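Here chain A shows up in two complexes: once beside chain B, once beside chain C.
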Partner chain A sequence: MTDSAAFEPLAMDFDGAGDGGERALALLLLSMADDEFVIGFSDSEWTGIGPILEEDVAISSLAQDELGHAQALYGLLVNTVADGRDADAWAYDRPPEGYLHARLLDHHRGDWAMTIARRYLYDTADAARLEALAGSSHQPLRELVAKIRREERYHLMHVQTWIERLADAGGESRARLVAALATLAPDAGTVLAPLPGDEALVRRGIVTEAFATIEARWRDAVGATFRSLGLPTLPPTADPDHARSGHSDAFRALHAELTMVRQSEVGATW
Partner chain B sequence: MVMTAPLPTAAAVRSLLRSVVDPEIPTVSIVDLGLVHDIRVDARGIAVELLPTFVACPALEVIRSAAIDALVGLGSPVDVSFTFAVPWTTDRLTDAGHAGLRKAGIAPPAPPADVRCPFCESGNVAMDSLFGPALCRSLFYCRACRQPFEAFKPI
Partner chain C sequence: MTDSPPADRAGGGDGSSAPGVLEPWEVFRQEKDGDPMKHGGSVMAPDSVLALHYAREMYSRRQESVHLWVVRRSDIHDLADLDLLQPPLDRSFKKPGGYVMRAKLAAARAQSGESKPKANKGAR
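Let's look at the complex of A and B:
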């Protein structure tokens, strides 16, 4: 069991959500939905101020995709937990400490190099996670993942091009990328840190491999790319017991922003 | 004694759905876009299942309500929902769908090397950006007629 303090309020939230397997499924769906929601909202802040017009459009598209994936994943969670909360309630009506996104996404979007470095680390880890869900025994998740993976292919092509461009450019571009990776890399593995109930997820075939196995494969792949670009090796995950809790001030500020309209008129129909 | 109207056929439902278009591509019906996954008609009513092109497509609700509007005249309760039962892919576009896209100035989906300009048919084109003004499209430039154009992303 990882991070039990952070998951405690959720254990209460999931009363009536069936046995331990259902709870593990709910935690998986919520952590994935929160990951997509937070990176999607955070990257959408580039809309209108992207470094060049094409990238303004691209990052806005990527952010829109992630928000759509979050909405669909919250939708699956609504059916799993079935406590009367809809997708919007899950997305907007929790305090900052109730979010389960990975610590990698707690960082401010920073400069363009920071955004690209974070997208690279997240998208590659997310792709490894989606691969292990492609054969999931949970049919609604398997179907959604099949659709999402077709879209994420474009995300990977985009971010692979950019990380090579920044790394090969030398000068300030490379220096900023290296600085961004130094900040982010210790948190990169948090996306694939085991969830409470990891064993139940594997036993039931909801995830086809343990997260430790998925993480090792992702690390090998990213390591090979970094070696070919002469970038520093990925360090081990810092503080793996708090991979999805103890959120940062940067996230609290983002949370205040993203809940602002919803909170301005509680219960309103928009 | 209550007279029961005959149930509409699935073919009649499909035919009416041909009047429903993507609000951003008014030259292509949702049938030719390959959005219609399933049509069921029974005593409970008409149930239509549609496939989203992209998960985050903002046009979904508009398409759903337009489909309901198109079918209410049949006199049965109408339910239109979206499903991920099979992933929508660009292979689902019909020939009429391809023609409709060209008419709207959008190149039909193809590998980047095979994209042709929807205005002059030239293959002398270059991709400007993988991402365009909608999730489903990329940006290209035609060197022959010197027009920028959008191409449907193969997915």
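Let's look at the complex of A and C:
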């Protein structure tokens, strides 16, 4: 189902991760943390150039929330892998190909319609994933997910409000949204693509449903919204074997920026 | 088919004004349960939904509030006429403390032979 070669760069990352189950948990945590880190950093590029002052503050605040979620998830990963790396090392000290975020987030933030389309697709998929983790057998993850879901409620409300306004406005707003969705939609399902060890995660109750089931529920919900807004149906995921690998030049550029300060003085205490 | 919104979708927002046009909304916030709602400031927004989102970002993203109201500024009726609000003649007789009663009470007590009653602690 998933090309294990796509995860080869990570093999070295999990030498300390113990048995297969621990490795599957580590991959889940890393994929979620990287998703939140990449979209958080990418959306923070709007700070100072948002469409209006109020939205500038709102998108910056949302981006900060995502970085906060990433920090907490990297924290759980640190305890799971326990190889001496701290959350900052996980966040900043990997080469671009070592990141495990979904290909949906490989796209540049683009214009406002692109950012809203990407946020909508990501936030709805992330919400479906979090729902399947609300009853996780892994207590630290279950407790963190309960907190994250309370913050994600507002993210969902805000992005739903925006996608409705762009779609309903017609004209250039709608045209830009439709164009953004055409670019992003083939990659939307990558957030919920099965991870290596999917079966182990379900068997151990870490995730309460298989990713295929979560994805089907998410597609139903998004499909209903898109029908009501007259937007095209989501296509199936393109190239599902590389859902979280083979990152884009846009991500490499983002990675160069987000690691710049850290790399300017390796080992410094900030 | 995707060029324009479906016919049953009418222009977005809460339908209360022209869609997409920004206008000022006044924000009232309650700092903690039991406190009165106090004016906090204002936000620009095209409708009540986004006005509440922006009020949340501006006045509670650091958990400063437990309750927010937004009111469209154009829905506020204004009175700032000093002839009505600050009339020039003496109004002290309209104030509850306007009459000094102490001397009259003392005279009445003296006449009836009563002493000044002690403060009734149990009555509170």
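Going forward, the second predicted complex is superposed on the first by the 269 of 270 C-alpha atoms of A that agree within 3 Å, B and C clash if a C-alpha of one lies under 4 Å from a C-alpha of the other, contacts with A are read in each partner's own complex, and residues count from 1 in each chain.
The criterion applied here is as follows: a contact is a pair of C-beta atoms (placed from the backbone, for glycine too) under 8 Å apart; a residue touches a chain by one contact, two chains touch by 3 or more.
All values reported here derive from a predicted model rather than from experimental measurement.
Partners chain B and chain C, once the complexes are superposed on chain A, run into each other and clash.
Of the two partner chains placed by superposition, only chain C is touched by A:Val178; chain B is not.
When both complexes are overlaid on chain A, the residue A:Ala253 reaches neither chain B nor chain C. After overlaying the two complexes on the shared chain, residue contacts for A:Ala58 are found with chain B and with chain C alike.
Look at A:Asp168: by the touch rule set out above, it reaches chain C but stays clear of chain B. Once chain A of one complex is fitted onto chain A of the other, the partner contacts of A:Gly230 are limited to chain C, with no touch recorded for chain B.
When both complexes are overlaid on chain A, the residue A:His69 reaches chain B alone and has no touch with chain C.
When the two complexes are overlaid on their common chain A, residue A:Ala82 makes contact with neither chain B nor chain C. Judged by the touch definition given at the top, the superposed model places A:His158 against both chain B and chain C.
Of the two partner chains placed by superposition, only chain B is touched by A:Arg150; chain C is not.
In this superposition on chain A, the options for chain B are 45-53, 63-71 or 135-143, and chain C clashes with just 135-143. Residues 54, 57-58, 61, 154, 157-158 of chain A contact both chain B in one complex and chain C in the other. Chain A makes touch with chain B in their complex at residues 54, 57-58, 60-62, 64-69, 71-72, 140, 143-144, 146-148, 150-151, 154, 157-158.
The part of chain B that touches chain A in the complex is made up of residues 52, 54-58, 83-89, 128-133, 135, 139, 153, 155. Contacts from chain C toward chain A in the complex involve residues 1-6, 9-13, 19-20, 22, 43-46, 49-50, 53-54, 56-58, 61.
The residues of chain A lying in touch with chain C in their complex are 52-55, 57-58, 61, 154, 157-158, 161, 164-165, 167-170, 174-175, 178, 228-232.
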